[in-house]
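I'd like to ask you about the structure that follows.
As written, the chains take the letters A, B, C and D, and residue 1 is the first residue of each chain.
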Amino acid sequence: MNTLATSNQQSNRQTAQIGWNREQMAQRCAQDIEDGSYVNLGIGIPEKVAQYVPDGREVIYHTENGLLGMGNSPTADEHDPDLINAGKKAVTAIPGAAYFHHGDSFAMIRGNHIDVCVLGAMQVSAKGDLANWSTGAVDAIPAVGGAMDLVAGVKTIFIITQHTTKTGDAKILAECSFPLTGQKVVNRIYTDLCVIDVRPEGLMLIELAPGISFDYVQQRTGVTLQSAAHVTMNNLNEGQK
Amino acid sequence: MNTLATSNQQSNRQTAQIGWNREQMAQRCAQDIEDGSYVNLGIGIPEKVAQYVPDGREVIYHTENGLLGMGNSPTADEHDPDLINAGKKAVTAIPGAAYFHHGDSFAMIRGNHIDVCVLGAMQVSAKGDLANWSTGAVDAIPAVGGAMDLVAGVKTIFIITQHTTKTGDAKILAECSFPLTGQKVVNRIYTDLCVIDVRPEGLMLIELAPGISFDYVQQRTGVTLQSAAHVTMNNLNEGQK
Amino acid sequence: MIDKRVASCASAVANIKDGDTIMIGGFGEAGSPIELIHALIDHGAKNLTVVNNNTGSGRVGLAALIENGQVAKMICSYPRTANSLVFPELYRSGKIALELVPQGTLAERIRAGGAGIPAFFTKTSVGTPLADGKELRNFEGENYVMERGLKADFALIKAKQADRYGNLTFNKTARNFAPIMAMAAKNTLVQTNEMVELGAIDAENVITPGIFVNGIIEVSKPQQESQLVKDGVVYLPIKSQGAEK
Amino acid sequence: MIDKRVASCASAVANIKDGDTIMIGGFGEAGSPIELIHALIDHGAKNLTVVNNNTGSGRVGLAALIENGQVAKMICSYPRTANSLVFPELYRSGKIALELVPQGTLAERIRAGGAGIPAFFTKTSVGTPLADGKELRNFEGENYVMERGLKADFALIKAKQADRYGNLTFNKTARNFAPIMAMAAKNTLVQTNEMVELGAIDAENVITPGIFVNGIIEVSKPQQESQLVKDGVVYLPIKSQGAEK
């Protein structure tokens, strides 16, 4: 019993390590991006999605600061401070890329021309509302960037996020308490524990990370989840491609 | 007496030939286009203005179908059916020209970036209303082109027109009877007889063609004209430059 | 792999349906995608709403599409041009509808449609019959009219160069409406004088990025509308041509 | 003769007045016209409203302009960035105002200002605090918020090449806001890496036509903001620098 208790405690302490890691979350999301998609990736884990596009698919990356056909990070030789992404990191441009100004770039976004946008989240509601720009704290410097334009204009919005906050609070809720980025905009949520679809009838758990149960996810979620008839346990590789 | 009567009849028949001819009307207008102006010229007599820009002035011509820096008519060798002006005539592009799409072209117009537009007129009112796109006839095919955008967006609108219609009716009126192209848009009118400013207080005759009197102009005008203190008689050359 | 090339003009237009709205590039003959229009005539889709600055000339291209009875409504700024025969006759006999739009408002409505803007305000046409029935609004003492964004099911345009991603360049003033129509249409079909390798168009000089393009067909020696009109050519749909033999 | 070259950055900015609205190109350091901004610091105009996507970094360029107390209000989408020190402190102490605008709405408002559009509707920000107090309107069952066009007295931008007419090209993503700011400002001042002859920029590849440009100064070796920040440089106005000697 003593041994078991210790084992349980250890398991609790290791909660952050169970389920999918950051690489695997990105890899799982990448599986849902179709060949030929035009994709905008947010800062953080979403950026990693580009590394896991399955073989045989060609995906074109849009960065809202004026480039379609964003490539990998540059070598030292390729580095140009005038060639950056929306996170202000140095990038490259692939053959077949195009530069354009901010007006045209957000015409692509607002005009529903970008197929998929992958973003991080502070909170997501059962209706697909997203909060990812402000905690509403009085002394914070508000900063929104292109997030509101992206969620309003891009056809499909994927969210990649840890299932709970660092302190264990649920991020998937009946209603967001933080100021919204957009209303009814999220299509699918990829967490370290599972994949959840936002459907008109509510949140539908469609996939579990290996070793994770529905109840385990439900306990860490602020709203009642439904479960698809056949929830698969997707056993991704270790994040290598 | 008999001789005089004949002479008078002849003079009446020759009304169309007195005052400035079409070349001189264009030449007179060209004198008012400042060095460095961006200019859009309408179809017909306005097109001729480009031939009479005074020496030492550099003027850049805009054509609303997507070219800034329109040059002369092409030689047979230069002719390209993809390089035309708003009247669909073949043109050339000068060194320093720029091509752009229709959205950007009319952003230049609507956004008040073009300095001067020279247009023809069917009617002009004392308030500067312009009618130049439709007689309002029931069986006519209505066609407006870029005229409404030009009068709404260009800083200065010059009109070049015969002072009266072919049948002798006044074209400069208290109110236009034809459908308007724009309200309070005309700044100055160049006719075969005179130059008239549109001012808040009304129409001000500021210049007469050689041999033309104020009364002669007033008789052919549908609204009371005022006369500037010193009306000059501008004796242009014969239309050569 | 992304490869937007299609096998023929016929296959490019194959999915156009009766009742669709079609934007057609070109200002007069400059930029008119005449081979794609002729393929649409062969295709036969009817009851179309067509957006173009004009209504074509002679009896080829857009004029032939209208003459073939496929166009229920034109949205344009200048339906009268030299050698424009077909539209005036049908219009006078009440067989075709016309929505007359100032040229710059037409361009901005198309650009707005492509940029996700449902409506905007412009000074153009205020105080004229073309503002009748439209909402007026005063901003800082000036009156403006509200105009709506314009979208289409298909755009047919003509490019100078294209790569397999759909990046495009244009030739001189043949550019005109093509880039904004490519933005405003759900499906943009392009005939290009030349197909080039990816990267052959400098990324700085791409005029229409491939994201706005769905199908590309190379037509290396396009016909010239003015020449056809001069030669008295009458375009007849392939079926009719066949039937006549 | 049209020749928009000016003698120096100082003479370029000489007509900027207290209280003016200034659009400054750049997304982070890419496209930031740092020499023109430093000239504006030397010039000393106060009570400015500045439009830029960010608020600068370190204590050079836009951050130095803010630190020098010349900016009463920032209109931007993302005032927090790595190495952004100056703005947060002034904002928290209530010494600078902030109008926060979603990045795409900011871009479209600038484009609208330049294109003669006083207002337009967008879905962006509907249902969020940034739509508070703005007019909402339903088109075809979707809600949109009305946004106003944005103009400026001056724009300061950075180009790659310029000719004497003011035709411009840009380098890669340094293009960003520059072309639309050039449209929206009454006076557009350009620092260019290179002056070229008329015609050296192919008419097909001009990004900003000269009609939108008023003054050009060649700065062939511009300073790089990130390098200055790394080196701990603090830009002080020339008067202050003089006073310290």
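Just so we're on the same page, contacts are C-beta pairs under 8 Å (C-beta built on N, C-alpha and C of every residue); 3 or more make two chains touch, one makes a residue touch a chain.
What you see is a predicted model; the values in this text were computed from it and never measured.
A.B. asks: Counting one step per pair of touching chains, how few steps separate subunit B from subunit C?
C.D. replies: The fewest steps needed to get from subunit B to subunit C is 1.
A.B. asks: Which chain's mean C-alpha position is the greatest distance from subunit B's?
C.D. replies: Computed centres place A farthest from subunit B.
A.B. asks: With centres defined as the mean C-alpha position, give me the subunit B-subunit D separation in Å.
C.D. replies: It comes to 39 Å between the two C-alpha centres.
A.B. asks: For subunit C and subunit D, what's the span in angstrom between their mean Cα positions?
C.D. replies: 36
A.B. asks: Take the average of all CA coordinates in subunit A, do the same for subunit B, and state the distance between these two points in whole angstrom.
C.D. replies: Distance between chain centres, rounded to whole Å: 60 Å.
A.B. asks: Which residues does subunit B have that touch at least 2 chains other than itself?
C.D. replies: 67, 93, 99-100, 106-107, 109-110, 153
A.B. asks: Could you pull out the residues of subunit C that touch at least 2 other chains?
C.D. replies: 108, 111, 115-117, 122-123, 170, 172, 203-204, 207
A.B. asks: Among all the chains shown, which pairs meet the touch rule set out at the top?
C.D. replies: Every pair of chains in contact is listed here: A-C, A-D, B-C, B-D, C-D.
A.B. asks: Enumerate the contact residues on subunit A facing subunit D in the complex.
C.D. replies: 63-67, 80-84, 88, 93, 99-103, 105-107, 109-110, 129, 134, 139, 141-149, 152-153, 179-183
A.B. asks: Okay, in this complex, where on subunit D does subunit A touch?
C.D. replies: Per the stated touch rule, the residues are 27-31, 53, 77-82, 87-88, 91-92, 98, 100-108, 110-111, 122-130, 170-180, 207, 224, 226.
A.B. asks: So in the complex, which bits of subunit B are touching subunit D?
C.D. replies: 35-36, 38, 56, 58, 60, 62, 67-69, 93, 95-100, 106-114, 153
A.B. asks: In their shared complex, at which residues does subunit C touch subunit A?
C.D. replies: So the residues of subunit C in touch with subunit A come to 1-2, 111, 113-117, 163-165, 167, 183, 197-199, 203-204, 206, 209-212.
A.B. asks: Quick check on the complex: what are the subunit C residues that touch subunit D?
C.D. replies: 108, 112, 115-123, 137, 139-140, 142, 144, 148, 169-170, 172, 202-205, 207
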